[in-house]
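Sharing a structure with you now.
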Amino acid sequence: MPTKPSQTPLEQQRNRQPAADSDGDADPAKPTPETQIFHDRESQVASYCTEWPAVFDTARGCYQYSEDGTRYLDFFSGAGALNYGHNHPALRKPLLDYLTGEHVTHSLDTFTVAKRNFLEAFDRIVLGPRGLDYKVQFPGPTGTNSVEAALKIARKCTGREQVVSFTNAFHGMTLGSLAVTGNSMKRAGAGTPLYHASPAPYDDYFDGQTADFLWLEKAWEDSGSGLAVPAAVIVETVQGEGGLRAARMNWLRELHALCRRHEVLLIVDDVQAGCGRTGTFFSFEPAGIQPDIVCLSKSISGYGLPMALTLLRPELDQWDPGEHNGTFRGHNPAFVTATAALETFWTDDRLQRNVADRSEQLQDALNHIVESVDGAALRGRGLLTGVAFDDAEVAGKIQAAAFERGLLVETSGPESEAIKIMPALTITEDELAEGIDLLLAATGAVLKIDLSREPSLVG
Amino acid sequence: MPTKPSQTPLEQQRNRQPAADSDGDADPAKPTPETQIFHDRESQVASYCTEWPAVFDTARGCYQYSEDGTRYLDFFSGAGALNYGHNHPALRKPLLDYLTGEHVTHSLDTFTVAKRNFLEAFDRIVLGPRGLDYKVQFPGPTGTNSVEAALKIARKCTGREQVVSFTNAFHGMTLGSLAVTGNSMKRAGAGTPLYHASPAPYDDYFDGQTADFLWLEKAWEDSGSGLAVPAAVIVETVQGEGGLRAARMNWLRELHALCRRHEVLLIVDDVQAGCGRTGTFFSFEPAGIQPDIVCLSKSISGYGLPMALTLLRPELDQWDPGEHNGTFRGHNPAFVTATAALETFWTDDRLQRNVADRSEQLQDALNHIVESVDGAALRGRGLLTGVAFDDAEVAGKIQAAAFERGLLVETSGPESEAIKIMPALTITEDELAEGIDLLLAATGAVLKIDLSREPSLVG
Amino acid sequence: MPTKPSQTPLEQQRNRQPAADSDGDADPAKPTPETQIFHDRESQVASYCTEWPAVFDTARGCYQYSEDGTRYLDFFSGAGALNYGHNHPALRKPLLDYLTGEHVTHSLDTFTVAKRNFLEAFDRIVLGPRGLDYKVQFPGPTGTNSVEAALKIARKCTGREQVVSFTNAFHGMTLGSLAVTGNSMKRAGAGTPLYHASPAPYDDYFDGQTADFLWLEKAWEDSGSGLAVPAAVIVETVQGEGGLRAARMNWLRELHALCRRHEVLLIVDDVQAGCGRTGTFFSFEPAGIQPDIVCLSKSISGYGLPMALTLLRPELDQWDPGEHNGTFRGHNPAFVTATAALETFWTDDRLQRNVADRSEQLQDALNHIVESVDGAALRGRGLLTGVAFDDAEVAGKIQAAAFERGLLVETSGPESEAIKIMPALTITEDELAEGIDLLLAATGAVLKIDLSREPSLVG
Amino acid sequence: MPTKPSQTPLEQQRNRQPAADSDGDADPAKPTPETQIFHDRESQVASYCTEWPAVFDTARGCYQYSEDGTRYLDFFSGAGALNYGHNHPALRKPLLDYLTGEHVTHSLDTFTVAKRNFLEAFDRIVLGPRGLDYKVQFPGPTGTNSVEAALKIARKCTGREQVVSFTNAFHGMTLGSLAVTGNSMKRAGAGTPLYHASPAPYDDYFDGQTADFLWLEKAWEDSGSGLAVPAAVIVETVQGEGGLRAARMNWLRELHALCRRHEVLLIVDDVQAGCGRTGTFFSFEPAGIQPDIVCLSKSISGYGLPMALTLLRPELDQWDPGEHNGTFRGHNPAFVTATAALETFWTDDRLQRNVADRSEQLQDALNHIVESVDGAALRGRGLLTGVAFDDAEVAGKIQAAAFERGLLVETSGPESEAIKIMPALTITEDELAEGIDLLLAATGAVLKIDLSREPSLVG
């Protein structure tokens, strides 16, 4: 566990470089002996490392530590894969026990005790209390694999090819998922056209006056529209990568009703917004809808271990055995931590209450930014939230200034125009306050305004 | 660690069911209290569990144990993800240390000490000694993700769309990989047509007289052929899923030369055949070729933990940062076991010698089957090998009979016509002999012939 | 020329069937000795013959005659291919002279005197006076071939694949044109998915309140929208097949400006609405726009002979020689009648004035229907006009009742919900009045209302 | 009819340019007052005019005349659209009568007397005597439209998407037909990928030793091949555009049998090779096969007027009415000349005997070239024949040299490596001899050898 002296990167730099010459600005992305091998051997496709050029070593809760002992408060949480923080002891213990006990690690899709335990816990803790009836597919341990499985079974079950996705959607980088992803740079990466997906405007995409589903409803009813009734609509309730827009519950309900009317399947991609990120286990719970298919990954294992689920209404489970497969469907250490996470965090309401309280605390601070900056806008829901700026470059500068101060925040959106705040759901009031102070300081420094406030602790 | 009494399934069954009625044949696929939740909640897409309906709990080396204590000798090794056997102590120790030390588990594509250690080891132990110069992309921890990344960058770099794959190829289930996969049942699972892939005959597909690359060579040279020069050719050196055909080294060399002549990229999908499975680290080493792109996954972590690499010739590393991403690119526990695996098994030649010896021992036994059964044929290379039968149903029956005897073997091929033998590369002579005896017994029982032999120990 | 006694079908039937039994209703689609060969040998894809089961023989001006001498007033004009009526003597004369003189009939794309004469006339009479500068491509003598050429060159010139078309568009039945056609029955006829086309709402598709190009404008500006900026937009100014909706000039201007802003090519498919059908030679003239590409066919030859043009802004003429070809690009008899048609009808304003007057006369009558029938709506522009009914079956019944009365009118729209009125542009006031009376009688009979009026002659 | 003094272009040039300076070589492609409008207004896609920059005016039989009176012997026949020569009086007479009689010209797909006469003649003269039972579709009057209709109905009837075509096939320029066309330059003109077509080697594509259908047969039988059993195979019996290769009858029979075994439809594209070009009405007759679908166009009207047919086995006529349509399906003047052509040329065997005799006469001469030129090879069948040269530029030079001498010959093949000889089927022995002499002179001049022979008249 991290025992080195804890410092912010600024402190670290000051201590390390007493004799820095007047220019001072050592390029953080320049290779050092510690990072040389990455520059020599790792593909340039890696991106986070260029923004946060530290070499991370240890981590606990909402903190990460680089090998030189610098401490970073983590407001990114593995893009949502670490909802319960880093290396939570309640998950680590059963994981270590499992590994120590020589239990089966890799099992493809055979039955294992660990998988059974997970299924029973998922059934008892997640599905049952919410009145949800889904078959659980283990589609390979990544979000994009879950989405690919969802798209395939939706097309197979309906006999239709088209899938409607939304503007600025992000569903993954393999070819099927990429086709329903909006980002043009990432789409171009395919090197081929992308097929059988058509985008529709996400909630509040326009002027706020245009009826939400005017186009889809009309086009699907009109046999001459040229827009076929699709196999499915795939939606994120909050667009984690696409700029943090959050759909209103009423919009989701109308979308659900629209799909039902036209016998179109509704797929909710809850990979980033699920597992409590917005306050409830599934992000769509407040809307009172039951999607036909749900994609889960990221935080389902709870510990950052690769794992994914595709949940199917039972009548959609029309797979032939082996029709969709993959080597790492049976990653038992992930089943173990996933089970522990459900038992630890979802059998009472403490986590949900913390998310609610911390969301309020965070929103209060973000509103302070919004009120202080022309054209800034609050985005998101729960602890998947942030602020978008008119000048897209501002967000990137805040990210850099925050990193200098020991805070990891990311940007989001087609122009990277929003800062994105995703602390661990288990973060304490004090930890969040610390991060908020760093964020306000970084924002203030970038915009050359004073955002310092009374201590941000709530009552 | 497994301490329960170790029995074969037959022994187990005998002991468990003293009063079985005259019919006797309890359907192994019928739900039991132990498997009920799987039937209730898991998607019917799962396939291995229907063939091996045990609930596995512990595992060590080449043995797996079900929760009732039954012991299974594993001739499948996680479809090649467990080349060093289950839970090898030399990998488990650093894994436990890493987890205990609260080192960072999930890191996206930031720098970590664990990733650095892996890259250094991979550079020093794998690439350097083989004179190979590749950039390493971590594309998401599955084989199909590695293939998708390979196809995307090949298309991006060449500006061409088409990719040539081979008959009976298997490259994965996401849409890009599925397009270069041969199996028609799996292809139909896409629910849409598949794009920009055209199959060519694999080595020895025809009569043995037709020149190997007659068609591709002629068609690529002829501007009127209608077959565009492709971005890439993707090939497995041994078709692990497609019936265990192994390409001759000369065929690979000719393919390599053909691609070079036409400036077509050569992608070797070494997900199943790599990491020592055929005797060398990369399966293509004996051919003396350097592919442009190599896909690795399965056993690269060594411990069955999800991990994948895409190796790119440096001039092909033309990704924009983030152009291909994924949440689980930075799975540090896998980096740790992967590093340990390289250090343990690839810094001397003991493993390779064992693979050579065990391959010989195994081939001897399989030849015994081939010589005893009309129309049976030896397939594969190294410890990725097996026997194909004229009557495709024979293989499935042998699989079932082997399972009854406590041996896990799979089938392979478009008609599941071959039994597939993939023991751990670390298996001992005695362990292999034990498995061989079980296999011969199962085969003999199915074919109603006597295959028993002198003890199969070599020397 | 037709010399047989001229009768309406009703008169004809009465005279022919004095002893018809009380049932009376001989199925007009039933084979007769005269039509048996069609039933035996012609594909069932033929459709107009099932609605108008007469065997036509002669024709003059706006009248067609069946072989039994029945006279039909033609309000359909070959779906717009006979804008100057049947067999106009001013065109027939030069055609006969040409054929008699053994001038070259078929010439591929070599130079001929007849083609030169046409190009000179088209340049002098059509392009010059309108200030239009286009290269003329002869793409094969059909509308769909013209559209295919337009789509290909638009994609080649822009390097983009996507084309935006509109709801209820009709552009042709070959695969490229079909992809930008809205009708789902016709699209399904492809037997494959259709590619690289995305529909957008045509003018007045919604509630009349939604801004017209809100979606395209926003989506093209947003790099994360998932909707790529297309190669081109293809539009009909009046949707001849899709229900006779006519775009407002202002909508066309806005569309033109939108395309200019985003460097998207604007293709006007003037196959049906062009050649004077709406009052001006090109239907887009009143909007004051200059499309990048214009498709012409149908009435360009003036005589119903196959001929088509694709007009390209000079900088778009980036074809390699022979890159788009076709056997019947050089159909010289059509060039001859086309030249004669330009000289006869487009060197003064008599035709245009007649179209204006007849449009007014016709609109007056159609308004009478609209005012008399709940939910009926006037559609179209110029002499490409009609009435849509709430109850889609009404239009089909009016068609049948009109045919019985000796009037050929068609239906239009995804549900065939509109009657479509397209008389020859040369029709006289009296002839139009005759047809209007028949139409009102037919409509009245179907709807069981009295639509008879004062004589419909204007002035 | 042409009354101007008849000269070859060389004579013409000599007479016209007595004072040409020593350079002499006026660029024939340079605009003249006579051709200026073409350069100003016609798209550069036109290709024949650049090779034969004459302005043609009149034509009779196998001769064309430019406006300056130069006579050209036509060995191209409108790429096969003028099998009966230019303006044959036996066709012109009924055509003039029809037009003079004010018979209906344009009729969409209504019944007309002219269409009925054609169907009856086609039934009586073509189908009946050959024991063929086809439904006749009029798909729009061009070859590519016939092919598009064929592909659509084949896919609709089989529910499959893929179509197999052959290397160097040419089937048309609209998107569906282009996908089954081999030429890479023309394919690139699509501006998008082309879909659902996979090429296979045409007869004699390889070394002459590889079994013809080894690959298709094996791949279709192997569910793991990745090559789906297609909807159809489309084939030309002689590749008119693709280099004049002619399939052996036995190869066609084997292809037919292969298709039957796998329930794959066989489409013969007889657009260029049909209507007697190879000696029989359908080019496949000598093979004794009955294709499932036949495409006819070019010479079916007999007079160079646009017309096309798609012939369907009756059980394949599963179109919905109007599912494939087009404005010029009912081009009655073409029906009239088509009927006259059938009556004139196909009710006795004179034409066929002439084709046989002239083929022999022509082959004799072409063999003379082949024997005199290293690497030259005879290609084709009947009067769709020619000579391919090792040095592809030779063919183009012969074309130019022939044009100078008043002979129109084209080139064919992916590299335009073959000269293509397609005289009218009605050509006399003397006329053919004249053309042969010109061809030998041109070839001799290009290759600087003496090819003059004894007079080439047979017997």
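A, B, C and D are the chain letters, set down in written order, and residue numbers restart from 1 in every chain.
The rule is short, and it goes like this: a residue touches a chain if its C-beta (ideal position, glycine included) is under 8 Å from a C-beta of that chain, and two chains touch if they have at least 3 such contacts.
Since this is a predicted model, take the numbers as computed values, not measurements.
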| item | value |
| --- | --- |
| Chains in simultaneous contact with subunit B and subunit C | A, D |
| Chain of greatest Cα-centre distance to subunit A | D |
| Centre distance in Å when subunit A and subunit B are each reduced to the mean of their C-alpha atoms | 31 |
| Length of the line joining the C-alpha centres of subunit A and subunit C, rounded to whole Å | 53 |
| Computed distance of Cα centres, subunit D from subunit A, in Å | 61 |
| Shared-contact residues (touching 2 or more other chains) in subunit D | 161, 185, 192-193, 195-196 |
| Interfacial residue positions of subunit A with respect to subunit B in the complex | 1-2, 34-35, 37-38, 40-50, 52-60, 64, 67, 78-82, 86-87, 92, 95-96, 99-113, 115-116, 119-120, 122-123, 135-138, 140-145, 148-149, 151-156, 159, 161, 172-177, 179, 185-186, 188-193, 195-196, 231, 271, 297-298, 303-306, 310, 312, 317, 319-329, 331, 333 |
| Complex interface listing, subunit D residues touching subunit A | 192-193 |
| Subunit D-facing residues of subunit B, complex | 161, 165-169, 180-185, 187, 193, 195-199, 201, 205-207, 209-211, 214-215, 218-219, 222-228, 242-243, 413-415 |
